[in-house]
Structure formats: C-alpha cells, structure tokens
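Shared chain: chain A. Partners: chain B in the first complex, chain C in the second.
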Partner chain A sequence: MNAVLTLARRELAATFDSPIAYIAGAVFLVVTGLLFFFGHDGTADFFAAREATLRPLFEYAPWVMAVILPAVTMRLVAEEKKSGTLELLVTLPITDLQIVMGKLLGAIGFLAVTLAATLVFPIAVATIGHPDLGAVAGGYVGLLLIGVAFLSLGLLTSTWTHNQIIAFIVGLLLCVFFWTATDALLKVAFDRPPLALQLLSFKTQFDDFTKGVVDLRNVVYFLSVSAVAVIGSVYSLQSRHWK
Partner chain B sequence: MAPNIPGSSPSNLPAAGKAKSSRGNRADALVTLLATIGIAVVLNALLTQSNVRADLTEQGIHTLSPASVKAATDLEGVTITAYISKKLPETVPVPGGGKMALKGIERAFRDKLEEYAAASGGKVKLIYAEDNNPGIGTIEEQAEAAKLEPFSSSEAQLAGSELKFARYAMGATFHYQTVHEVLPKALQLGFLEFEITKILLRLKEKHEAAQVQKEPLAQGKAVFEAVKACTELVQKKGKVEDAKDEGAAGLSLKGSTDPTQKRLEGLQAAKEDIAKTCGQVATALSAATKLRGKSQFGDQLLTNAEQFKSISDELLQYISGKAEEAKDKPKQAAMAVTQLSSMLEEFFREVDRAHTNLADSPGRKVVGFLCGHDEFCPFAEQEPLFPEQAAMMMGQNNPMMKQIVQAATQIAQGIDDTNSRIGDNLFTRRGYSIRRVAADEPIPAEISALIVYAPRRALSEYTSYQLDQFLVAGKPVVLFAQEWDAAVMNMAPAEDLAQEMRLDYTNIAPSGSNLQDWLRPYGVDLKRELTMDSKHVENIKLMKLVNRGGLQFQTQQDFPYALIPVATKFDRSHPLSKSLESLPLPYPTSVEPSAELAKDSRFEVVKILQSSESSLKKTPPLPLLPPALKEWVLKEQPTGPHTLALYVRGPFKSAFSGKELPKRPEKQQTDPSRPPEKVSANDPEMQKRTFKSEGAGKLLVVASNLGIEGLSRGAVLKGFDMSKMAQFSAEIIKEYQGWNANFQNWQIRIGQVSHLLGDNLQFLTNVIDWSTSHEALVEIRSKGDSRRPLQQLQDGEAKNLRIGALLAGPLLLIAAGLLRWRLRKSRHAALRV
Partner chain C sequence: MSANTVIRVSNLVKQYDTKTALDGVSFDVHGGEILGLLGPNGAGKSTTMKILTTYLTATSGEVSVDGIDANSDPVKVRAMLGYLPESTPLYADMVVYDYLHYVGSMRNFAKADLHKRIAEVVRMVGLQEYVGFQIANLSKGYKQRVGLAQALLHNPKVLILDEPTSGLDPNQIVEIRNLIRELGSNHTIILSSHNLAEVRQICDRVVIIHRGKVVADGTLDELEGRVAATHRILLGVQAPAGKETGGQAAADLLSSLKALPSVLSAQLSHQSQAPVPHATYELEASSDIRGELFRWAEAKGHTLLELRRKDLDLEGIFQSLTQDAQA
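What follows is the complex of A and B.
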C-alpha cells in the first residue's frame, strides 16, 4: 500500500510540475463554468432561469471531463514507454498492479483538486439562493465516480501505445462512448437499444447522483468499470513480457 | 495487493516471467480479464434487484416519508398489481405540444413500489402483471381492462402499411378487502410517492365508510348489474352480423337485408328473454329504498336507471308489436327499435358512470367553492345567459342584435366551458370531490371544507352569516383575498366604436370584496396596501410590439416584477409551509392578527407565509409598468417582512352573536318573464337553523389569488342587463366590445403569470388536502416539487457574480501553480547553495 501511495504522490507531483495540469484544470473550469452559466448553445441563462440548482453543472461537467481527463491520463504510461522510463520503473520492487494503482490514484488526486475548484459554483449560487446541499453533495460523489471511471479508461488506453496523441484520441472515444452509450451512438445502431446497453451508459448510471441519490447499483457499476480497466491496464503492461 | 493476479508479481523478478511461456501468460491474462469482466457483470446483474441507497437531499425527497410508511403498514393485505409495458417509448407527448422523456422512469416506478412493499413489513404484496398470459392478453390490454390510462408515444411506428401510435401502460391497481383504487398513469416521478400514499389512505377511508354504507352500496350495485344485464342482452340479440357470418350466432335473420329490420327481427326472436332480464331493473329499483335521497351519486344512479327502464319498456312495446305508433308499420318499428337501442346504451353509460362514482364515494370528503361574487368558481353556471325564448325574441327584429346575442351567448359558453374544464382537470380528475356553494344559499351539510377564492363583489349578510356558522361549527374556511384588480398591458376597453383595441391598458382599482369586514370580528386584519419587493420577486410575461424590417411582431418578454413578491419565510410547524422553499404571490396585500387575537392563548395563530425583509407595503396609485415600478420600489424604504398567509385555529365567537339573523334574500331570475322566486317565511332551512355561538374553527387567509383569477359572467359581461338588451342601441355595441376585451384580458392576465401557476396550483391542492385533514399528503407533495428560487439581482450583480465564479477557479489553480513553482525554485536554489 505504501508503494502505491508513494507512487501516487510522485505522479501527482509530476502532474502539477507540468503545465498540462494547470492548462487542463483551467480549461475544465472555464468551459464547465461557461456551460453552467450559458448552456451548450449559449442561449440559456442561469440567472434568468432563477433557480438555485447545480443541475446544469452536473449535466455538463461529465462532457468536459470526458475530453479533459484522457488528456491527463494520456501521458501516464505512454510517455514513460516512449522515454524509456517505464523500464526503469518496472525494475523497482513493485508489482504492475501497484504501478497502475499508483498512477491512477495520482490522477484521481488531480481530479479531486479540479473538482474542489468547481466548488466556487455552489458557493456563488448559495450567496443568492438556497440550493439543496444534499443534492449538490450527491452530484459531486457522482462526478468523482464518473471521473475515476474516465481516468481508468484513459489509463488503459495509455498502456496500449507509445504515442500520447493516440492514447488521448482512443481514450476520448472510449469515454464519450461510455458517457453517451445509449443517447447518441446506439441510436444509430438500434431502434431501441437493449436494456443491457442502456445500463452501460454512464449517463443513465449518473442520473440518480444529480438528484442527490447515491444508489449502490450506480456506485458498483462505476467501480466495476474502473476495476476492469485497471485489470486491463495491468495485463497491458504485462504484455511486454509476452513478446 | 491482489497477489494472485499473474501480472501482480514484482516485475523485477525475471524468473517468474520466464518460467511461463508467453502464450501461457497471454492465456492466463485473458482468463483473468474475462473472469473480472464476468464477476463485474454478475455483480451488477445481481444488484439490479437491490434497492440500497442513500438519499442525500435535505428533505429526503427520494425516501419514503414516515406518513407513507405508516400508510403502508396501517393496512393488512393490500395487493398492488403493477402494469408496466415491456418496451416503453423514449418520449411521450405532453399537453401544449412538448415531449416528456421517460428515461429511467420504469426503474424509478418499480423501485418506489418495492420500497412500499418493503416498508410495509409484508403487509403490502406487490405483483407484476405478466405479458401474453393465455386468456388475459397483453399487459396493455390487461391495463385497459383494469381501468388504467394507457398512453401513446410521441412518434408513430410503422405497422404493416399504416403508421400507428403504439399504446403503453405504466400504472397499478390497489386492492384492499372489498375496495380498490387505480393509479392510472405513473409518469410524474416527482409525485409518485404522493399518489401512492394518497391511494393507500383512500383505501383505508373507503373501506371504513363502505362498511357503514354497505346496504345502499349493495342496492346501487344491484341496480347497475340489472341495467348492465339488460343492455348486454339487447346488444347481443340486436347485433347485426356481416353477411358472411350469418347464421353463426343466430343473431340475424335470413331474408332481411335492412340492418334495422334485422335488428328488430333478432330482438323479436328473444323478446321473452329480454322482457325477463330487463324486468329485473324495475325489481332492483323498487328494492333500492336505502339508496334514495342518501347521496348525490345514489340519486343520479336511480334517476338514470329509471330513465333506462322507461326506454327499455318502450323498446319492449315495439319488439312485442304493442306500440300503437308502429302497428302494421314494420319499417317504422325497426327504426324506432334502432333508436331506442342506442338510447339504451347511452343511458347505460350514464348509469355506469353514476355507479362508479357511487362505489368510489364512501369516505370521500367534499370541498365547497363559494360562487356568485366573481370569484374563482370552477363550475359552469347553472342557468343560460339568455332564456331560449328571450334570445329568440331579441333577435327577431334586428339582425345586429341577433349577432350580439349570439356572441354574448358564445362568451358565456366559453366561460362555462373554461370553468368546467378547470374544475375537471384540476380537481375532479385528481380525485377531489368539489361542489358549488351558491351565494345566498345555505351551505350543504355534506361540505367538509369551504373555499372562498378571491371574491370581487361583496358577500351578502346572509352569505356572511352562512360562512360564520360554518366556521364556528369547527369546519375549515379558506379565504384567498384579491383586494385589487390589476391590469398591466391589457386590451384597452373601447372608448368609441371606431377605435381599434390596443394592448396598453394599465390600471389598478380596488376590487369590490368585503372580506376585510368579514374577517374583522374574528381578529384577522386583512390589509388593503399592496405588498411588493425589490429583491425576491418573480417575472411577469408581457407582450411587446417589435418592429422588424418594417413589420410589427408581437413578442413576449419577461420582466422581474415587484408586484409578484416571493414568500421567503415559512413557519415550519405548519404542514402547509413545512416543506415550502418559495411561493410567488401576484398582487398580494397582507394579513395580520389583531392585537387581541395575538394575545389570546386559546387561539393558535401561525404566520404561514411571509415576504422578505426587502418587501414593503403601499396603497395605489403607483407605477405599474415593470421598469418604472422597479425604480420606484428601489427608492422606497423596505418595511418587511409582511404576513402573506395567516392561519388561526380556536374557539371563534360568532360575529352575529346578539344580532338579528339575516334573512335569505329573494332569488333573482335571469328570465324577466318569470317572477322572482320568493323565499317563504316558513323556509325550512330558516326553521331548522340553530344558532351556534362558539366552536373550534380553522381559518386560513391567503392575501393573494395566487395568480388564479376567477373567470365569471359578472366580471366579463360587465353591465349586462337583459332589459337593456331588449332595446337595441349603440351603447350595447360598445358594451359588447368591452365584454370581448374583458374575456381576452382574463386570458392575457393568466398568460402573464402562467409560469407560476404550476407551483401555485400545487399550493392550492395542498390547501385542499390540508382542509380535508390529509395533512400527511401536503408534506409529501411539497417535497416532490419544491422550487428554490434565486433572489432578484440588480443590474451588473449577475454579471459580476458570473465573472467572479468563472475566474475564481482558474485563478486559484494558477496561483497555486505559481506558488508551487516559486517553492520549487527556492528549493533548487537552496540545493545549489
């Protein structure tokens, strides 16, 4: 466990030593903020709607996360592979699982910091109204879980290639697919998507959190996706021994 | 960490990696990965049946309230049968042309029903209707048979060569002992708990009351069954089959090609059976002694059944060839039989409706709405505007007059239709039993609670006395006050005939209500000043003329409006305000307890709704257009909070104590040809009246009409006088234009606050539930739909807040980055040293 935490701290420090964390964080905050206040087409006006709710934030933030988080994870393994530092890392007395978990926890640290910075929105709303703080807390729990799932998927794609751009693009596609599994992509393929595929959608699983409900089914779902992605990443790293 | 995973062995132990072939490693990895995915899928699949969750919302919106749990545990042996279509559509159409997404609704409905079943500790049994069981049809067919309301999707689907809107079902039936209730459509997630708990409470009340009314209900059922059997037999025997099916059921006779003749022949062949079966109606009617005069629905059932019986008797006359009019005229007899058969079916439907109402009536509380003072009265008028004869006479000599009479009749009809629709949609369909309480008439004994909704004319002494007696008898009286008639950008009333109507009429005038005087003796001070606010306000929607490319368009624009203050302070001890977060009140005044009432410990006085600290009170005149009013209000000193709704409970003393009892006024006739109806000195109502001096009553006063303005003949057809109408003059045309404008202005005013009506109607229905002692329901409904408004921001404030919130996060992040960079730099410098 100590090894994982040490690695996580190292990763988090490395993330914040590079300008990419600040750029990604700032872009996330600005874009989420703009979407929160103006809606996706710029016509909605939060203040004109006159309702003390954070729903628009929880509606748009996962979209932005689906784009930003693969940009954060793309370098986690791909960069190490390209620069050869991965070989150095694997010489340390730690398992591949510990490497993956350490890197993931480091990325989760970045996510937590960025999400914490979005607290300015509920604070701003609370100065002029009384939002349901329970529902806000539920929304944040959901954002954290969906963020962890996105990071795991991004980490998985980062283990597949040396090229960060490819890792980012594949990660982005995976995240967007899972986010809108039923709403957009499956519509093309199915007249009415099967229930199993509907449940695959992060959006379907995320809805309850935005209402302030933390449902065990939704929590387990996001953790399952993350677990599968983590195990996948471990074997992807292991695959270097298979050649 | 997971030492058994092959890939989890330390990577620097080459022996471990080399011991296995790369193919073996790959196979191990694949198996483990597939196993992980399999475990994840199984775990998720198993959990689909679980309902473990934490509801973090402040009011536990998504968790059953204690009242719901109690309702579920109070009844032993309730069976809920849920009807849920296998494949639900993505959207369903909603009134007004929109669509409602159904995503997640099925799961939420199942979860909610299962939550009730779990909370009941086994007392509530939940079963799901199964599709295509042999003999019972599809879920949708079963739902229809169980009197649910199947619904269509927004999009039509291709079925063969036709486009069809498929039908879906999502609802439930609830059975308890001998009674049952239906949740016809469960599409409003926010109110599912409210609807289900309401049904459970209703089952209990209904069962208890049905035990008391066992005999009349059984007699009503016997009458209905007899009528049904007669109708079904006549339908069966008189059914005209297609030529191909002839002879199959023996329902048609060979040789006849005329369907009416065929029907007659079919019925004639079974005349003895019909006489015997339909004769049961008379038997059931004569046995229904306990039903007559006991309830409105019972009487309706008997009246319709009696009419049914006379039609069936007549039909039998024709069938058996005894009808004088059709003797030796088979064609005429056949026609008459066809007509009578269809009349029979029509009356059967009426009997069915009355029986459904009767079976549903036990334990249902009746809420009265006072009518006759231009208030909100959700019923059609009982008398036509023009008696038929008078209308014909007036239009005889003057075609212009004929047109005006027709148009005025149309307006009156429009008012009646609108009011009955409102009553039906807002109350009857939602399971409330409402009744008109006419002005200057005694309040019927069946009324449990009385609502006086924003009268704009003075109550007579007699009506005041009736209200007084109702209150002191301990029954709830709810008053909504509308002390001012406000018109903002309305249709200008015509000043001369040539003038075109403009959309700029802005005026405010006191309404003619005397609620202030009525309330005074009970220690309640209804103020006349209007309450307004500078910060906590809602918008008004105003029509605006916009010039685009030389063409004028009408557009609607929202303006924050000081005369629609939002109540922000609530007494959390009262069920009506316990869960409220905000309530906008258009054009409110205020209401306060008198000093004596406030001091009197025998009374419970609760300020249910209050305006914010930034509110103030002023008596008109004042600028009414939103920008000018806003500017004006900002200059005034706030004096808030002001009480917008007050509840008083206690031993009220009659305001008529020691006074002569007011007499019931003579009823005015709209038909000038008939003399006014005299109230006899021996009026039985006056005779039996016993003077009640004191009692513990419940009085609720809301100082606004909530934006729900009454639509009445008196308010629209201002100055309407039948005697004036008899003599045509230019004045009448002008008056007619005014009526037209008044009708349109009502629509305009409702439209201006239409966005508030959803929440405000919730409050109104809460008031009705509260007044009929269903306080638990009030709390549940309020938590389902409690809007949390933002306060009104002044110019620039919103912009500053937006910029601040947008920049604060990124700036914080960048500042942290700079700090980190500086620290690293200084650390490196220290290391170099």
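What follows is the complex of A and C.
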C-alpha cells in the first residue's frame, strides 16, 4: 500500500510540475463555465432562464472531461516506456497492479482538484437561488465516477504505446465513444435499442445521478468499466514477458 | 552447485518473435564475486540481465537468486537486486534527493532510516554536491552515479550493472570502475561490457556470450591461455641506410619472414617514409618467436623499431573461441 501511495504522490507532483495540468485544468474550468452559462450554441442563457439548476454543468462537463483527462493520463506509462524508466519501475519489488493503481490514484488526485474547483458554479448558483442540493451532490458523484472511468481508459491506452500523442488520441476516442457514441450508434441501429445495449452508454448510466439518485447499479457500472481498464493495463504491462 | 552460489542461471532460452536471443545460457555466480558478461552488441548480454532482474521472462530455463526462483517469486527476487539498466534511465524532472527518496519509499524504507541511508549512499558514489540538482542538469557521469545510488540504496545482495561505463569520458570511466571495485568487496556483482580491458580490471571471472550462447566461462587468464594457441606478433623494421623499404624491398622482407620456422602467416600492415622509412608486419606464429625475430633482424642488418606481442582483443578471443566451438 505504501508503494501505491508513494507512486500516486509522485505522479500527482509530476502532473502539476508539467504545464499540462494547468492547461487542462484551465481549459476545463473555462470551457465548462462558458457552456454552463451560455450553452453549446450560445442560445441558452443561464441568467435569462431564471432557473437555479446545475443540469447544464452536468450535461457538458463529461464532454470536456473526455477531452481533458486523456491529456492528463497520456504520459503515465507512455513516457516511462519512451525514456526507459519503466524498466526500473517494474523491477522494483512491487507488483504490476500496484504500479497501475498508484498511477491511477495520482491521476484521480488531479481530477479531484479540478472538480473541486468547479464547485464555484454550484456556490454561485446557490447565492442567487435555491438549487436542488441532492441533485448537485448526485451529479458530482456521477462526474467523479465518469472521470475515474475516463482516467482508467486513458491509462490503458498509455500502456499500449511509447508515443504520448497516440495514447492521447486513442484515449480520447475511447472516452468519447463510451460517453456518447454508443448512444448515437444505438439510435441509428435500432428504433428501440435493447436495454442491455443502452446500459453500455455512460450517458444512460449518468442520467440518474443528475436527478440526485445515486443508484448502486450505476456506481457498480462505472467502477466495473474502470476495473476492466485497470486489469487491461496490468495485462498490457505484463505483455513484455510474452512478446 | 556450491554452497556459495548466489545466482544460478540454467539453460536460459529467450525467443523473440523470429529471433532467438538466448539459446541455452547457463552460469553460476558465487557470493562476493564480480562477474563480467562479455560479448559483442546483440550477443544477449542485456537480455540475460533483463531476465535476471525479472523485467523479462525466459521462454524456458531457470533463474534463481539466493535459491529463490525468479519466475515464481519475482517480487522477492527484485528486493534482493539493485539494477542499473543500460543508458541509465532516470526521471529527468526530479531532484536527485527526491528521486532517491522516491525509490527508497517504493522499497519500503522507514522514513527515519531512509534519510540516513540516502546520505550514506550519496557519499559512497560521490554525489554530495549534487543532491539538490535536477537530474536533467547533471553530466552523464553524475547521472551514472545517481543510477548507481538508486541501485545501492537498499544495500542489495546482488548488483546488476548493464554497461555501467558506456558513454562516459575516460576520467569518469576510471572513477566508476574504482567505485564498482570497491562495491565488489561486499556485494555480488554482474556487469556487462564489451571492453576487455575493463573486464580485466574489474572482474574476477568472465562469461563470454556469443550469439545467445556461452562460449567461455572462467578467469580471463584461463581464457587467454586457451586462446593463445596462436601468437600474434607485431614487428616494425627500419630499412638499412641507403635502401628504401618501399616496393620490392618490403615484399622481399615479407617472403623472408614467411620462410621463418613457426611463422604461420605474415602480412605487411603498414609502411611509411616518416619519421624514418619503415615497414610494420603482423605475424601469426605457432609459438612466441620474438627472440628469433630479434636475431633474424640482427642477422639481416635491419634496425628493429618495434617488436611486441599483440594483446588479445575481444575480436581475437571471439574468433578463436567460436572457431574452437566449430572445430
């Protein structure tokens, strides 16, 4: 456990040592802020709507996260592969699972800091109205879970290559796919998509959270996606043995 | 297997997609020994080391450290090893002290011990003035010391150093070699190199790997004894006054050399008019005929400029060892 925390601390420090963290964090706050107040086509107007809701935030934030988080995770393993430091890391007396968990935990630290910064939106809304605090809390739990799933997917793609750009692009595609493409594809393919397939979509799973409902099934879903990505990452690290 | 065997490598085979990197490598390393893994590039030295450090798994064969099988308990084996990979990969963005602290924490050091141990190791490798430097700003030689420091931190039973002096300038090479020699007094060390002089200086024993196979295992003196069936001798003569060594004269000399007993072959390797007119010949003889050559030159009236046995280089050793293997 000690090693996992040490690694997480080192990754978090390295993230904040590089400009990526600040660029990603700033982009996240500015873009979600703009979307929140003005909508994606500029027609929505938070102030004109006169409604104390954070729904727009929860609608747009996952989009922005799908772009930003793979940029944060792209270096996690790819950089170590390129510089050769991975060889020293995996020959420390720790397991590959510990390495993956430490790196993921470090990235979750970044996510937590960034999400904490977005708390200015609910605070702002609360000063001028009475938002449904249950829905806000549920939405944030949902965002955190989606974020962890995105980070896990990004980490997975980072183990596949020593090229950070490739890790980023493939990670981005995976995140966008899970967030929305499943949804869109299903609508194209079926008049009434089977429930089992609908449930694959992050969007479907996320909806309840924004209504203030934290359903264990949704939680388990997001954690399962993360777990699969973590196991995939461990497997990918171990593939050096049979290549 | 003697009681003192710390590392045991038996029948290691490593098959990459299409290439066989190791083809049945076996050797033992005893406690407190410094073993040199010698071989040309691509011979399989690094692959052997990567398997020893559990970075890679062998296709077949076994590796054990202190009796523990690397395949079944890699984490335990890693805890006993300190490893310096080829070209010393380090986190360039980190400060030396922070990096060592990070490695120590990953190795489960208690906080209080770690600080003390870092100070010790930093003194051992001579990094005192650089602990506050960012690794990216260090010279190659000091980066190498940081690499050694991280390998030494947990006072491991075994040190595995992959080409520890490659890319260093001559002064740094001497320093690092001395350091390794010192470390050898209380660690078991395997180092790889393609530099014969280095291995002669540092190692107690050498294992020579060629195309994935062990072609020799023993002390360097033993190996040279085996290899020295032919003697390579360098002879330089000055042309007698008034005569030039160029053209006909040099060819005459060559045939007269070839006619000498026990000369197997001879060739003109170099001739020049400056600083004095001279010609240099390279001979292969079945015995050490330097004495005969001296008398031959005296009798013929040639002034001897140079007469020496050519040191065996790695090429020579490989040539004759692999010829042995084929014969």
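Note that in this section the second predicted complex is superposed on the first by the 231 of 243 C-alpha atoms of A that agree within 3 Å, B and C clash if a C-alpha of one lies under 4 Å from a C-alpha of the other, contacts with A are read in each partner's own complex, and residues count from 1 in each chain.
Operating definition for what follows: a contact is a pair of C-beta atoms (placed from the backbone, for glycine too) under 8 Å apart; a residue touches a chain by one contact, two chains touch by 3 or more.
Please read these numbers as outputs of a predicted model, since none were measured by experiment.
**Q** What is the contact status of A:S239 with respect to chain B (first) and chain C (second): first, second, both, or neither?
**A** In the superposed model, A:S239 contacts chain B only, not chain C.
**Q** Quick one: classify A:T210 as touching chain B (first), chain C (second), both or neither.
**A** neither
**Q** Looking at A:Q164 after the superposition, I want to know if it touches chain B, chain C, both of them or none. Which is it: first, second, both, neither?
**A** In the superposition, A:Q164 contacts neither chain B nor chain C.
**Q** Would you mind checking which one, chain B or chain C, touches more residues on chain A?
**A** With both complexes superposed on chain A, more residues of chain A are touched by B.
**Q** Examine A:V90 and indicate which partner it touches, taking first as chain B and second as chain C; both and neither are also allowed.
**A** In the superposed model, A:V90 contacts both chain B and chain C.
**Q** Who does A:R10 touch here: chain B (first), chain C (second), both, or neither?
**A** In the superposed model, A:R10 contacts chain C only, not chain B.
**Q** One more residue to check, A:N2. First (chain B), second (chain C), both or neither?
**A** second
**Q** Once the two structures are fitted together, what part of chain A is touched by chain B and by chain C alike?
**A** Residues 17, 90-95, 241-243, which sit in both footprints.
**Q** Touching residues of chain A toward chain B in the complex: what are they?
**A** Contacts found on chain A: 1, 4, 16-17, 19, 21-22, 25-26, 29-30, 33-34, 37, 46-48, 50-53, 90-99, 101, 113-114, 117-118, 120-121, 123-125, 127-135, 137-138, 141, 192, 199, 204, 207-208, 211-217, 220-221, 224-225, 227-228, 231-232, 234-235, 237-239, 241-243.
**Q** Note which residues of chain C are touching chain A in the complex, please.
**A** 16-17, 50, 53-57, 75-76, 78-79, 81, 83, 85, 87, 89-93, 102-103, 105-108, 150
**Q** Please name which positions on chain A make contact with chain C in the complex.
**A** Within the complex, chain A touches chain C at residues 2-3, 6-7, 10, 14, 17-18, 83-88, 90-95, 240-243.
**Q** Under the touch definition given earlier, write down the residues of chain B that touch chain A in their complex.
**A** 1-2, 5-12, 17, 22, 25-26, 29, 32-33, 36-37, 40, 43-44, 47-48, 50, 52-59, 61-62, 87, 90, 103-104, 538-539, 558, 581, 787-791, 793, 798, 801-802, 804-806, 808-810, 812-814, 817, 820, 824
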